[in-house]
Amino acid sequence: MTRAKALLRDHPIIPLLVLLALLVGLLEIMRPGIVGERWIANTVKFAIPLAMLAACQTLTMLTGGIDLSAAIVATISSFVMATLVPFYGAPAAIVLSLVPAVLIGLLNGVGVGLFRVHPLIITLGTGLIGTGCLQVYQSTVIATGSEVPEALAWLGTGRTWGFPNALVLFVPFAALILYAQRRTGFGRLLYAMGDNEGAARLAGVRGWQVHLALYAISGLIAGVAGLLYVGLIKAPSLSLAVPLMLPSVAAAVIGGTSIFGGRGGYAGTIVGALILTVLGTMLTLLQMPEGVRRILFGGIILGVAAIHLRLTDTR
Amino acid sequence: MKALRKHAWITGLAVILALLILATKLIQPTFGASGVESLARAALPFAFATVAQAVVVIAGGIDLSIASVMAVCSVTAAVLMEGNGGAASLGIVLLVLAIGAAMGALNGLLITLTRVPDIVVTLAMLFVWEGVALLILNAPGGRAADWLRGLIIGGLPIPGLGGVPRALVFLLVLVALVWLPIRRSRTGLSLYAVGSDALAAFRSGVNVGRTRIVAYGLAGLFAAMGGLSLTLSTGIGEPIPGPYLLASVAAVVLGGVVLGGGKGGLLGPLIAVFILRLVRMDLTLLSVDPNVSAIIEGTIMVVVVMIGGLLAAKGRL
Amino acid sequence: DYTIGISNTVQGNGWREEMICAMKAQALVSGKVDSLNIAHRNTDAAGQSEDIRNLIEAGVDAIVVNPANPDGIADAVKEATDKGIVVVAVDQGVNADSAYVLSNNQEEYAYLGAKWLFETIGGSGSVVYMRGAAGAAADDDRDRGFKRALAEFPDVTVAQEVFTGWQQDKGKQQILDYIATGIPFDGIWTSGIDNVIVDALVESDVDLVPVVGADNAGFVGQLASVEGLTGAAVTNPGSIGGAGVTLALQILEGQMPAERVVLVDPALWANNDDKGKEMIAAAQNPDLDPEWPVSVSIDGWTDYSMEEIIACKGPGE
Amino acid sequence: MTHEAPLLDASGVEKRFGAVVALKAAALTIRRGEIVALMGANGAGKSTFVKILTGALRADSGHVRIRGTERVVGSPAEARRSGLVPVYQEPSLIPDLDVADNLRLGGTDPAKFKAWMAELGFSTLDLSAMIHSLPLATLRIIDLARALASEPDVLLLDEMTAALPTDLVEAVLRVVKQQAEAGRSVIYISHRFAEIAQVCQRAVVLRDGATVGDVPIEAGAEERIVEMMLGEAIKPGETAAQRAAPAPSGTPRLAVRGLGATGKLTDVSFALHPGEVLGVVALEGQGQDELFEVLAGARKPDRGVIEVEGSPRRFAHPADAIAAGLSFVPGNRADALAMQQSVRDNLALPFSAHPRAWGPIHMRREGEIVARTIERLQIDTRAQGEVGRLSGGNQQKVTIGRWLAHGCDTLLLFDPTRGIDVRTKRQIYPLVRELAASGAAVLFYSSELEEIQLACDRCIVIFNGRVVDTMPASKADEPRLMRAAYGLTESAA
């Protein structure tokens, strides 16, 4: 076992970054000239909402959970916000739109924390309920129009000195999560709960409190991600962020977070989201039948995960 | 004690199913043999997907590629049967089953070889199999042999029971044929052992890798049955995977199979599938606003698992 | 008075939502419908067959269905018509002789838009071809129309072919990626994911190229307001759903249509000709959901007002 | 001595886990009919060696000869076919299968298994019991009986007795001796010299992953072996007789009256005063597990009163007990540790339990406390990034260290020296005394009777869920404790 390998094992983010760089290199070979300021900004713009939704998955996965309602929650927030703007103006609409997000999160937390339901099933259920509620809600606002506030569009699509404005939101957000996961009591509990809930209990941790807070936070993050995404896409719809559900899970697991809990972290997830976004671009630009594209997409995901494991594993 | 509780869960599900059947009869007094028959037929692909998922989950994994594998099998069957209607279609069925099992085994093999977590591998394979399905058939098409389609339509007169839907018989016979011999064998035990504690299983002398491959292979086999049932019920192959992934996970968990592995059987998930289908049917019969019906389906799912969680917690203290 | 069943397999998409609202509004204003029984969810042909059979169980008089694909639900449709239920397929045809079809001509839809695009770029150049969902029947039909037009313009090439999956976010990301390659292109054909494409062009500060889209409110608005944008909207009325209800009611009342299959041919509104400009100006409706088609009614087939379809209320609501 | 090749002969075995060198020159030879002790401090590499010999791990290099032929044992199944059968330090049974299915899984003959269980004193075990519902001690015995049923040439027992109460230890030792008499061999790992002296002929000593000695067991060998193991001599511990017992007075810190809980706890009363270490002695399954769980808030009592500082308390959750100053070190370290987390995170876990403490961690202050605890318990930090990779004994230290770091008024120690090496044990007893001296009250269940005199002031003996005897530790010699533990009390409770 060499020093280099020990380094890789202790910092699994490094090989992930290397793999990302390789993919970008491959893309540049495929389409010379594509990797420029504009492309990077676009990629980052699209990776950010994905990375935010993947934060919901990362945090819940640390406790052995998952939040399958996150993409729907994001959609709900964005749609509710856009349809409320004509009535209440942007600031109030933004605040109001986060209410259902937190509510769904709390419901998840109650189910997981107090009723001991598996997170996968409860978030699937609340996602269904959320979808239904959204459909019912939209049938009441068809005629009133919708509007994406300037500020969100600026945040979602704009660039300043070449940097996507979304970074204004994302950098502090990511810094907060990265800090919280290892340097706050709450972060430590997420890992401990996912690792051995019984042990955490014996150490005096009341699991339901953690779950309730966690899923509420997850709902809030999803809501904010939805607002950012609608600023980027500028077309509120009933399924806006729904296509991000599987990718958000994928970003977290490619980034090295275990669905069984106790392992991983947000840094890997961010790179995971970037990798997926770059892969999406490759898929778009490949001149091949759609079937072949998807096979390559899956194959590369598997390859990245396998290489990453090889590089960081000690066994 | 634990066994009692497990069976209590299945009994509870059976009671819910019975109540739902009763409710259906109340909502629609004409509900009868044909209703049951169409229910069974509708449940077929869900049931196979669920059984496939259940086997993998019992063995401690999860298969996100189930619906894509079904799609590949469905289009393969539909393409091959186009123009090969007669006896050849029997061979095609066997071939597709073998292909499904092989695809599943490949999933398992990749998990074992790369040591990448199940969820990542099967997520990647979800895209791969989706791509394969599109290469085989780029739009809905192909066809199914008519005599095969007849197999799952209508009822089978069984003494004492009246007409039992063929689809139901087909489902139970196939699942029992594959699962029951395995369940009690060393292989079956290994599935549960690996799901329960892979390290302890390895130390007890179980070949963990082989067991994983078997689990995924079985899942592939059941998924192939699901894919075939899709082809048989629609008469064509559709390359876009249907809504079977999340539905299978939901039914597996509702059916008392614990995510993480080692616990549960196939009966619970099967009952859960019928419960979910029947809820759907009742909502249509009641002509509930479609948007509200999503809310109701979600609520039922949440409430049932919450009650289950509550009961389990009571039992634990 | 009648009970009408409705079956639809895509949820959360503006076009389909408008279709459902048109069905509700038409049923309401006709005064002949007691209740609507709507099955509206994301599913495949097998799931749609299940819904249709549930509607049969529910005892509806007619079923208006937007088929997942023409063949997959043929059996279920036949079962319905065998029971004397009137079945009208809208938007997409269905291969069952006993059903009536009132469908948008998808091949023509693509042909019309593509032909306009190729002419507008001067008969030569390269275009970005942004399709719908790989493996979907409607996408396949449209592809045929697009290819037919392409064959007529030997100097036009497809610079890039992508599948948006009819998802706004995916479409926008794809076109931004393509713009970033720096490879020039002369026009964009979209399968209805259109306004985000125009947004992307504007946001990227590149020269606006001609864009073909559907008559979605957002895109039609852009055709009138975006400086320097040349584009054409091809009509693809979601209100065909309302027409389907009308047809079903006519048949129930004994007025048989002359033809079993009626194809509604699309129209093209281009903002580079006067007639098109007029149509576009008349169709402006900033209050409409940007995903909703602006052609909310079809003369001779629907009777509701703009307010009524937007209210989206059916009988008994 | 015959010239037959040794049954098992390993030399130069090396194994690294990342930066951790677990083994660097391990060697061991065993012949037919021998019982050899494998000794070493916590983390010396004993378990790793056993895992390599039985195919659960692959060595990086080294030679293993079985009956004279060089072999690479690929898996536990293969080891078993070669006649090498281990009982690992952690139970290797499938939690969600019942006993019978566990036997079938490994291809064990149930009849032979049953015979061995009977031999070990479990003639009534229900084969349809689920593994996860059985107590740890029973699991250890099942593991052993399963190994014995396959009639191994070499049986490898890794701290088989650590979690066993005295009566079961005796049974195990008897069976081990029988094995040797039948011409089979046993490699026996334990930190208890008394057991080794009873059954082993010689001891192979590992230090820091290298075999440093092969010593015959004879009078006076103990000190030599300890010195080899540790690289230093240690002095014997102070016993209760040499200590002035504090006179308990005033309000007890913890008073328990008529406590009962479903299961085996029927009626237990006692008082525990500040500054006092109260020993608890019981055979397997007399209700001691339930008693500690109830006091820790991990189980609801059916009846009885718990008073802390004179006021009655009800614990609905361990957090309540902790708030009342009662901290619990469970017997099974797997119950207490988040195995994939670092030593630091495990030690500091209680700090973060309350929502008040969910905010930023004061890294420097916490770091100091953690460092002090590691220092105080001499936790081997080579693999500190993941507690699960520490050796068993070091894991055990972390479970105790957590409450030292956190501070507590009343410490509930359930067999805290399970699997801990001599040196550390000799550090833990003074530690417990120190805690008591600083005003803490300690309830101390031990499966090693000699510990009562080494650590406690007083002790109670529980039989059948009741306190059957109470005595000062200075009078608690082994024979008296044993008699009481079997319910043969002469003095009233």
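Letters A, B, C and D mark the chains as written, and numbering starts fresh at 1 in each.
The working rule: a contact is a pair of C-beta atoms (placed from the backbone, for glycine too) under 8 Å apart; a residue touches a chain by one contact, two chains touch by 3 or more.
Because the structure is a prediction, the values reported are computed rather than measured.
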Third chains touching both chain C and chain B: A
Contact pairs, highest-scoring chain pair: A-B
Cα-centroid distance, chain A relative to chain D, in whole angstrom: 44
Whole-Å gap between the CA centroids of chain A and chain B: 29
Cα-centroid distance, chain C relative to chain D, in whole angstrom: 71
Where chain C touches two or more other chains, by residue: 134
Shared-contact residues (touching 2 or more other chains) in chain A: 131, 135, 139, 290-291
Every chain pair in contact, whichever chains are involved: A-B, A-C, A-D, B-C, B-D
Touching residues (chain side chain B, partner chain C) in the complex: 28, 30-31, 34-35, 38, 41-42, 45, 133-134, 137-141, 143, 149, 230, 233-236, 238-240, 242-243, 277, 280-281, 284-285, 287, 289-291, 293-294
Chain A to chain D touching residues, read off their complex: 1, 6, 9-10, 179, 183-186, 188-189, 191-192, 195-196, 198-206, 209, 213, 262-263, 314
Residue ranges of chain A in contact with chain B within the complex: 68, 107, 111, 115-118, 120-122, 124-133, 135-136, 139, 246, 249-250, 253-254, 258-260, 289-299, 301-302, 305-306, 309, 313
Residue ranges of chain C touching chain A (in the complex, touch as defined): 11-14, 17, 21, 134, 160-163, 165, 167-170, 172-174, 176-183, 195-196, 199, 203-204, 218, 286-292, 307, 310-312
Chain C partner contacts - residues on chain A that touch it in the complex: 31, 33-34, 36, 38-39, 42, 46, 131, 135, 138-139, 142-146, 157, 229, 232-244, 277, 280-281, 284-285, 287, 290-291
